[in-house]
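Several structures are given next for inspection.
After this come two complexes, each holding subunit A, first together with subunit B and then together with subunit C.
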Partner chain A sequence: MSSSTDNGVVGTPTLPPQGVSTRVLGGIAEDATLSAPGVFLIVLAFILPIGQMLLLSIENAGGGLTSEHFTRFLGDSYYLGIVWRTLRLSLLITVIAAAIGFPLAYVMAHVGPRLRLWLIVLVILPLMTSVVVRTFGWMVLLGRGGLVPFTLWKLGFVNRNFTLMQTESAIVIGMVQVLLPFMTLSVLGVVMKIDRRLEEAARTMGASFLATLRTVVLPLAMPGIVAGSLLVFTLSVSSFITPSLLGGVRLPVVAGSIYEAATKTLEWNFAAAQSVILLIGVFLVLLPYLKLTGRRHG
Partner chain B sequence: MVRAVPSTVRITAFLFVVLTLVFVLAPLVVVAGVSVSESQFIAFPPTGFSLRWYSAILTSGAYLGAAWTSLKLAVLVTICATIIGAGAAITLHRRRLPGAALLAGLFLSPLILPTIIFAIGLLMLWSATFGPVSFTALWIGHTVVALPYVVRTTLAVLAESDPFLEEAAATMGARRWQRLVFVVLPQCLPGLAAGAFFAFNISFDEAVVALFLRTPDLVTLPIQIYNQLEFSPDPSVAAVSTLMIGVTILLIVVIDRLLGIQRFTGA
Partner chain C sequence: MSKIVATRRAVLNAGLGLTVALAASGVISPAAAREKLVINSYGGAYEQIHRKLVIEPFSKKYDVDVQVITAYSADALAQLRAQKAAPQFDVIHFSGGQEVVAAREGLIAPIKPDELTTAKELYPFAIEGLSRGEGPVHAVAAIGLLYNKEKAKKPEKWADLWNAEYKDHIVLTDLSNSYGLLGFLMINKVKGGDITKADPGFDAVKTLLDSAVVVATSPEMQQNFAQNDAWIAPYAQDYAYTLRKAGLPIEFVQGAEGTPAVYLTANLVANRPNQDLAKKFIDFSLSAEVQAGWAQELRYSPTNKATKLDETVSKEVIYGPDAVAGLVRFDPVAVDANRAALVERWKKLIAK
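Then we have the complex of A and B:
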């Protein structure tokens, strides 16, 4: 009885229950269609290749399973030396990038908006320039007769004109420049959100500028510094274009060794095994990073 | 009254920022300087002024071929990454799909995982399935690398959009596709456009995937530069590099106009 009266009401805004569920399902179907091309691309062209690589790393010449490629890498002092160099240099690059990136980001956060925009553009410009182009610039600057060795010679720090090319210093200088923007932007994002009144309070209470920086700003900026450091470290461990051009063949790094095995000596299984070792290493470092950023966004 | 920052700190900070900027920009300035040198050899500061290396690259088959490959590739990658990224970002923003967090991780994973690991995997899979690598392989590889940038810029714009507009359109009787095309997509546009320019930049400058997937006939501009640097660098490399820096500056200006560079950096 009453239901017929309800149906008689003109322009009722309520939808029947089945209508709601088909609407939800329709929404899911629409979203599934929209994201399908992306899922296809990532699964087929990203996840699958990495899976293929994992498979190759444990495959022997006959197609059976083996751990020979891993034992070859981990049992050879030559390759362990490469791992050690990669870790050592990456750590150094990360520390230097943090030491430059934190004060830079702090200054950027404290200048006026117009100047900040200019500074951001100047930091992003090298970031968006091809890594090959930037490395070329360092080859000119660090090579024999280049501006850097020449200046050091003229200032009397060294007693002859020399080249910095093919040294670990060259790799570190080049890589810090390549990766510094990642650090700066990571720290800037966090420093910009620090309540300016906390600093003012510390200063009013008598803390010196540097004491405020050390006891108030630095601890609050830590999440940004940690996130930036993990990013710089993983990028540094896995890069090879800058190290191979600046360091040369005498100073191989892990990623460079992978590149050699994959494209020059064509030992794909061995290259795959080295990639897996790099992948595991990067994952171990990235896990805390993902947790950190996940907490910030979620 | 808050005590002012001591002037020694101000001066130190100023000097520090100037020195850091010199350090960060030096390689680019040096490359541009070398490109206008008259000398046969790569030298900085440049000796004399001449545009001969620019005319040299404009008549070099190797550079023109690589430039054409890079341009074609970047345009196709931009189109694909933008279309695919738009759909991905819209669904990530709506959070209606089950497993949305997993999906977000999936779409952004190429940003986090080192490119070399993906590049070598793609080379191995492609060779095992289709044989020698081709332009298509490079196209797919670059699209994967560029996709997260489109997703990120579009998500950033959608985060500030009005969630009630789509609901209002639904109440007014707009169908699903009408809401998508006339309400959601227009709101995405600044992010999509900025993402498209990012995708172009990434693809145009990318060197790791391109290095693994190179063949004698499949050489992009960064790889052509890399080859020259490995074997016989001369100032023509600097001229090409300077042109690439010019393209980057142009793209940064466009992205800033569209989205605001500051917003993208999360600062």
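Then we have the complex of A and C:
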């Protein structure tokens, strides 16, 4: 072991000669050598750009340090309103995606393998199409005279032929459709692994179907639901194509606001500050969630 | 026989000698060093027409290569700034007033009116910028009111936007769009404001918001006229033509209070070796024939008085001295300085 380590490390000084410490040090050196290319890539592709962004967010016009971009954002009810809309919609989207995704995954786990394969294909199929294309599809369906408003009108739920476009409902509908596969597949992976006999035992002991779901399946499926929710939440908090196309300019979200600042008004420092705030915001929401579930299911 | 060969060789030698002598004296240059111009264009349908009307005919006429790099105005300015020490473009076209900044920063070189054969044919506004070191205006995209002639009464003036008959059928454009910005500045002017005092404009827009749709892009504008029963919108004349080509009954009206416009300029880049050729290119794009082509193909208004248009086209662009007199230009320097503040205030106003 130790000799192979020494061969593996080119140019390292001769290691201390004695037993355990040699092996430990050799192990560390080997780890470092093995991980070096990966670490290099991570630094290059993730840490460097994010560091650059952090720097940009606290830089003023003259190149000095400042907190003006943060105070501008956090001291303005307009921008706080955007944050509130973003969080509110993302939570709503996550809850709806879980409410649809869990039953769907449960059904998929319990049907025969052939049908399951087809269902999985159906769930994955939309992912093969660009988000932009799917969003355009929703623009047709939700616009004036589109299938959804037209049906609601003909069924008598609304009084006139209206449009659902440029409403928060449109954003939620579009985003749930876009993100549902992530939730369904996350839950499916976990539900598939739940021992079917646990459910049978619960039923034998007299639990109803719903009681079994609530007391046995749901708690066991929690890691999948949590993983799916995290995915859906983070993706929806940071997406801007679907909200800006379906919601329009009058319903801005944080990611859209960053895009505007970076590409339209060319205020890069302000865009960077907003990105940092979004990043911290997502962490603050996710941290307790992760901690709680991590301890229980990790 | 041998005599003939000898004669032929003599001729060849003489020819070769002549060629060398001419090349040395700079009268002709070797074929490999055919002259080259580097210019920018805006891509899409614009660039297609640009190639057809200007680039290819110019390249043929003067036997030069013209290399086109697709770059919108803001990009082009950024590139010019980055290349200040060693510029890579010969001619730069701008459409957002960037020539003012470029001239101030010394990125473009001044052109004297007598260096352009077309100068006498141009309207005064087109060469007004020459004294400030900017390039001439080679086309104009006018901003006015687009309306649906089958649904709505023809508007006469900008103030008609507030008429009750258009309520719930108005489309406004976001200020991140340059047509939207100019439309807003005109609304502000009509309501008594100016670039540093935008309250009247914002107050006026506020009264429209409840019954108007706000869009950010041209396709959304089309969608609203096609699907959402839009009747009226402040927007550009060339896009009215695009909508008509798409089969929509949309007409353009010049508001009685004046017509703001996007000015497309052709600028001579500073510190480049072949400026004479670049000037010829700019001169070429100002010719009456080229401008007639722009009006014909995309409904950009000509800046050359000598441009001859047929009746259909002339009605759909700003044509003739009377129409041109109605053009309004907002000071691009002031617009640039106030843009970020205006856009932020606008976003706050329209957010629900």
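Note that the second predicted complex is superposed on the first by the 240 of 298 C-alpha atoms of A that agree within 3 Å, B and C clash if a C-alpha of one lies under 4 Å from a C-alpha of the other, contacts with A are read in each partner's own complex, and residues count from 1 in each chain.
Following the convention adopted for this analysis, a residue touches a chain if its C-beta (ideal position, glycine included) is under 8 Å from a C-beta of that chain, and two chains touch if they have at least 3 such contacts.
Here the structure is a predicted model, which means the values were calculated and not measured.
Looking at the shared chain after the overlay, A:Thr163 reaches subunit C, while subunit B stays out of its contact range. Once chain A of one complex is fitted onto chain A of the other, the partner contacts of A:Tyr78 are limited to subunit C, with no touch recorded for subunit B. In the superposed pair of complexes, A:Leu198 makes contact with neither subunit B nor subunit C. In the superposed model, A:Val39 makes contact with subunit B only, not with subunit C. Here subunit B and subunit C are compared by how many residues of subunit A each touches, and B touches more. Of the two partner chains, subunit C is the only one that A:Glu267 touches; subunit B does not reach it. By the document's definition of touching, of the two partners only subunit B reaches A:Leu48; subunit C does not. Of the two partner chains placed around the shared chain by superposition, subunit B and subunit C are both touched by A:Gly145. The intersection of subunit A residues touching subunit B with those touching subunit C, taken from the two complexes, comprises 139, 143, 145.
Residue ranges on subunit A touching subunit C, taken from their complex, read 78, 81-82, 139, 143-145, 163, 165-166, 244, 248-252, 260, 264-267. The part of subunit B that touches subunit A in the complex is made up of residues 2-3, 5-6, 9, 13, 16-17, 20-21, 23-31, 34, 42-45, 83-85, 87-88, 90-92, 94, 96-98, 103, 106-107, 109-110, 112-118, 120-126, 128, 140-141, 143-144, 147, 151, 176, 180, 201, 204-208, 211-212, 222-223, 225-226, 229-230, 233, 237-238, 241, 244-245, 248-249, 251-252, 256, 261-262, 265-267. If you check the complex, the residues on subunit A that touch subunit B are 24, 26-28, 30-39, 41-43, 45-46, 48-53, 56, 100, 103-104, 107-109, 116-117, 119-126, 128-141, 143, 145-147, 177, 180-181, 185, 188-189, 192, 200, 203-204, 209-210, 234-235, 237-241, 245, 255, 258-259, 262-263, 268, 271-272, 275, 278-279, 282, 286, 290. By the touch criterion stated above, subunit C contacts subunit A in their complex at residues 74, 174, 176, 213-216, 220, 223, 227-229, 339-340, 343-344, 347-348, 350-352.
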